[in-house]
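First the structure, which I've put down as structure tokens, then a few questions once you've had a look.
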């Protein structure tokens, strides 16, 4: 789960990580007033769940309250398109109005889980403010990775090493160490999958300040973070994706016209690969998950059917923890409730496959059965759209 | 460091471990008033740093405020002697006046560090309220030991097992589990060397309550527990031992007349063994420690000299991290400042031994030098007392 | 023989009284698996399906039934504890089916089990099966399997069934199939299972199904190149998956471009694996590989 | 030869600029120890005694000087970090002299180093010495040692010197002396060092100095009985120590009566050790033992 910069900074503040003074606004008048309060100058920052705002007009330095008002006018209500949003962009409903910072030095700091180390790692780079993926690609030696032992936490010798790798001098070493330690606490206490400060700045008067803030939360941990759940902003999510997420269905909207209902992420990816190889274009990735009920399968099918791009549906279910009869029931339920006539290609195998196919066969829906992946892809291709 | 029952119960309360309602008093009138507040009946408990109070008149059940007043009168200002205090007893300055408990079942629960497992262990027994060492000696199968992994903490399956070992039924299982988990947090957060509840009771209405509470803190951790330091009550410590503890000197008062100044706990124990074997009786165990200054050594000698039992002093220093010259300087300093004439047997070896012996030889004090442990013990024996 | 499980495996099911646990325990028993005990705290003393005793703890279950493997269906908030409980009770092999365990919980669980005498398969995995031994320990549909001499190995659940289904359709049987799970932190990786297949006299060749993300396929490629003696064919799915959806910058930095299907396939090809062009070609690629090595007529 | 340290040991001193660290580093150098680096964060770039470079981190010190052992004099609040830093830097042997580290810190440090390629001696120990190799790594007075063929092993600092002093006075030299430390949680115990002495061709016999409390002497007795091939004499001090002062009930329960000197001595005697009657008899008991085995005239 993504949260906004201003929300991440709220969390940072609770952990003692310095952030610029800022006010969240949702009208141009508020942006003007807030800039007045900052002393007549401010940075106006669009609050969307994507990076790359700076290059895309989502961050503007303003020299007067009026200038801030105009900038806010421009951003609010718009859909901001950045390299990370995709062409549809992300809606700007809120702005963060921040005081100007006196930047001496820009650094990069992040924490995430590393599969290889099987634990948290802290990443630091002196190339803050840059697109860090470009740094990783062009100057990998400029990114330093420190694995953290979950029992010991970030140890003092590690903090000292990170401060050294950041090239910081004695004047800011102790404040920087405090920020790194607090960042680790943020990461662990809140079950983050990513915490990132880019840039972490050193100011002219040697303060260490988180100029930006990015936090991704582990969706699977939400059962113990009722407070963090409230940070969710579904306006930032694709409507269908948000709906799917609420039902614990992994769904990603794509550009094609073949709605895909699959169980299992691997098989779902394989289904996209085969469909694409056969010359058809998938409208979505959808993994309905293992422990699904007919109602959940039905909801998944409704999400697919409510996508206006979808002209044909490919069902690929290999019954395991999800049984074919349950999948069949769910599909029939959704078609009956929506009255949809969109044709189906169904490929089913595994647990209770006979029952599953019978339910669909008896349903009166337009179903073509396929036995293999190849057959299924070919059958989809043959449907006239 | 030991703390009082009422202080341990303060900590328990902060962690959500239920304790009986109680009021700390220091006069009989307060004891009477407190008992009135408890509804006219109470348990009057002497607050001393030792167990075995129940058998020794330090815990009294009273059926009226007046009875409580009389009991308080008897206890306050007295020296309570229990099997754990030694013959001199411990002064009673404070009483804990508690409501009566309706006891259905008495259990034992404790946490400590186990050298073998090299980590915390939780101990539980159904024989609560008993002298647990007797249980350990007579019915060892009645004590169950659960090692705790420091990364995972007390895990749910362990808590369930402990609840099973305590023979508790479903009605109290969840409350008991909460107490066990909280107890582990108390142990870790406060750097305890021991946390003990004896008895932990189940009341008639199935509540789980810590009827007693014992906490020992790790002295070495006090640098990070400024708040806990304030719990110290030096009135409960032998005056000389308390003085020594303040100086970070390991000192235990004994019954004999040979004051012992030694560096190193092992050599100090060896010195007691040899002195005892030679027919003399040590007045104390004293390990002046490694990183000692002349001032610290001098303070140690003054503690020895201020013990009225001491008639002769045995110095056994094997210079390592503590150098002999520093020991010599310290001894001379103490004798000069106190003007003491008590004779010394000095055995010195190791780092800077020549300088050390010269300092003592030139000091004008009554010193007999010995080369070996045997010679030193013999020389002590020959001093007329 | 096969790897990890066989006729001597005595299975304990944690969460046997739950909806999924009970369904799949029944399916395993129907396949022939020797399920000797169930564990659900608070349900001890009851019987499952009139033949499997249910216990309150793994410790009791092991003492009473000599179970030597645990299959876990416990919901995510309790699954880490279930893994640790079986480890503590001395169970040497655990398969955790549970999907959705918080990653940082698995960080800790991994440290807890790391140097203990236990192997964890999963979590978020389909389990494992040895068709020749009639031993199915997981949620895979048993009927699609055929006893034989090819080992199957995958990060994905249903995709493993797809692979098995294609092999069986061509009459190619399996010695053992192991789904290692799709989570960022899992107990057993490709290399671990490849080593077991390499040492198993009843496995002639291996089919390995990889995915985009992480570096496990590259590690497998390195292992295959230097330590693996048997023929292997490999698929990496996700080449058509959209690049946008991922875990943010830091996740991308760690693996960088090496997480792509192209990179992984190149590494596996370089290691000598027969590359499976699309997910529809798993069976035919394996067939050709076996034929070319004289392992199939 | 001797155990653990010899001419090839390149020592790094953590806390070399402190009061104790600098004094003992000088003493070690004077004895002949090859001290190649010091570490004090913030003091990097300076020189100690005009010949030993000081670094800000162990990592840098190892890279520059190929140090292969660390000797730690860092104060208690920072000593756990110092141990972990050397472990992280790949140092295979650490001796931590520091006294007064909180016990729960050592619980965690022990877990951290447990399965890493490092051996920790201590904390709260005098260190170790190999007189024949002129290698003293610790705070023991070097002058009392004599090169020879008896290994000395003790939980106590000054009592180790006492043992060595008595041996040297009788002309009995030492192959190596190891003080393992007196804290409840230490990195290396009696059994570990006994195994090293057993395997060392330059050690003929061992003198072991135990204490009341804990079960390490009993563990040593069990090891001696089954796995130790050389003559050993043993002392347990504390038989006259007062029983009252101890860590409360729970501490007593764990070890019970087995923590007493009597119990420990009985176990060691049963294992075949020559028992040293009082601390004054360490040298003479060892002498007699060596003579009876024909190892001394």
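So that you can tell them apart, the chains are marked A, B, C and D in the order they are listed, and the count of residues begins at 1 in each.
Going forward, a residue touches a chain if its C-beta (ideal position, glycine included) is under 8 Å from a C-beta of that chain, and two chains touch if they have at least 3 such contacts.
Note that the structure is a prediction, hence the values are computed from the model and not measured.
Undergrad: So which chain is farthest from chain C, going by the mean of the CA atoms in each chain?
TA: B
Undergrad: Taking each chain's centre as the mean of its CA atoms, how far is chain A from chain C in angstrom?
TA: 28
Undergrad: Distance from the CA centroid of chain A to that of chain D, rounded to the nearest Å?
TA: Here the centre of chain D sits 54 Å away from the centre of chain A.
Undergrad: What whole-Å value do you get for the distance between chain C and chain D if each is reduced to the mean of its CA atoms?
TA: Distance between chain centres: 47 Å.
Undergrad: Which residues belonging to chain D are in contact with no fewer than two other chains?
TA: Residues 108, 111 of chain D touch two or more partner chains.
Undergrad: Find every residue in chain A that makes contact with two or more other chains and list them.
TA: Answer for chain A, listing residues that touch two or more other chains: 150-151.
Undergrad: Taking touching chains as linked, do they make an open path (line), a single closed cycle (ring), a hub with spokes (star), an all-linked set (complete), or other?
TA: Here the contact pattern is complete, since every chain touches every other one.
Undergrad: Quick one: in the complex, what on chain A touches chain D?
TA: 149, 151-152, 155-158, 160-161, 164, 170
Undergrad: Could you please specify the touching residues of chain B with respect to chain A in the complex?
TA: Going by the criterion above, the answer is residues 150-151.
Undergrad: Contact residues on chain C for chain B in the complex?
TA: My answer: residues 41-42, 56-59, 78, 81-82, 84-85, 88, 108, 111-112.
Undergrad: Under the stated contact criterion, what part of chain C meets chain A in this complex?
TA: 19-20, 23-24, 27, 76-77, 97, 99-105, 107-108, 110-111, 126, 139-141, 143-144, 154-162, 165-166, 169, 182, 184-185, 209, 211-212, 214-216, 237-242, 244-245, 247-257, 278-280
Undergrad: Help me check something: in the complex, which residues belonging to chain C touch chain D?
TA: Against chain D, chain C makes touches at 114-115.
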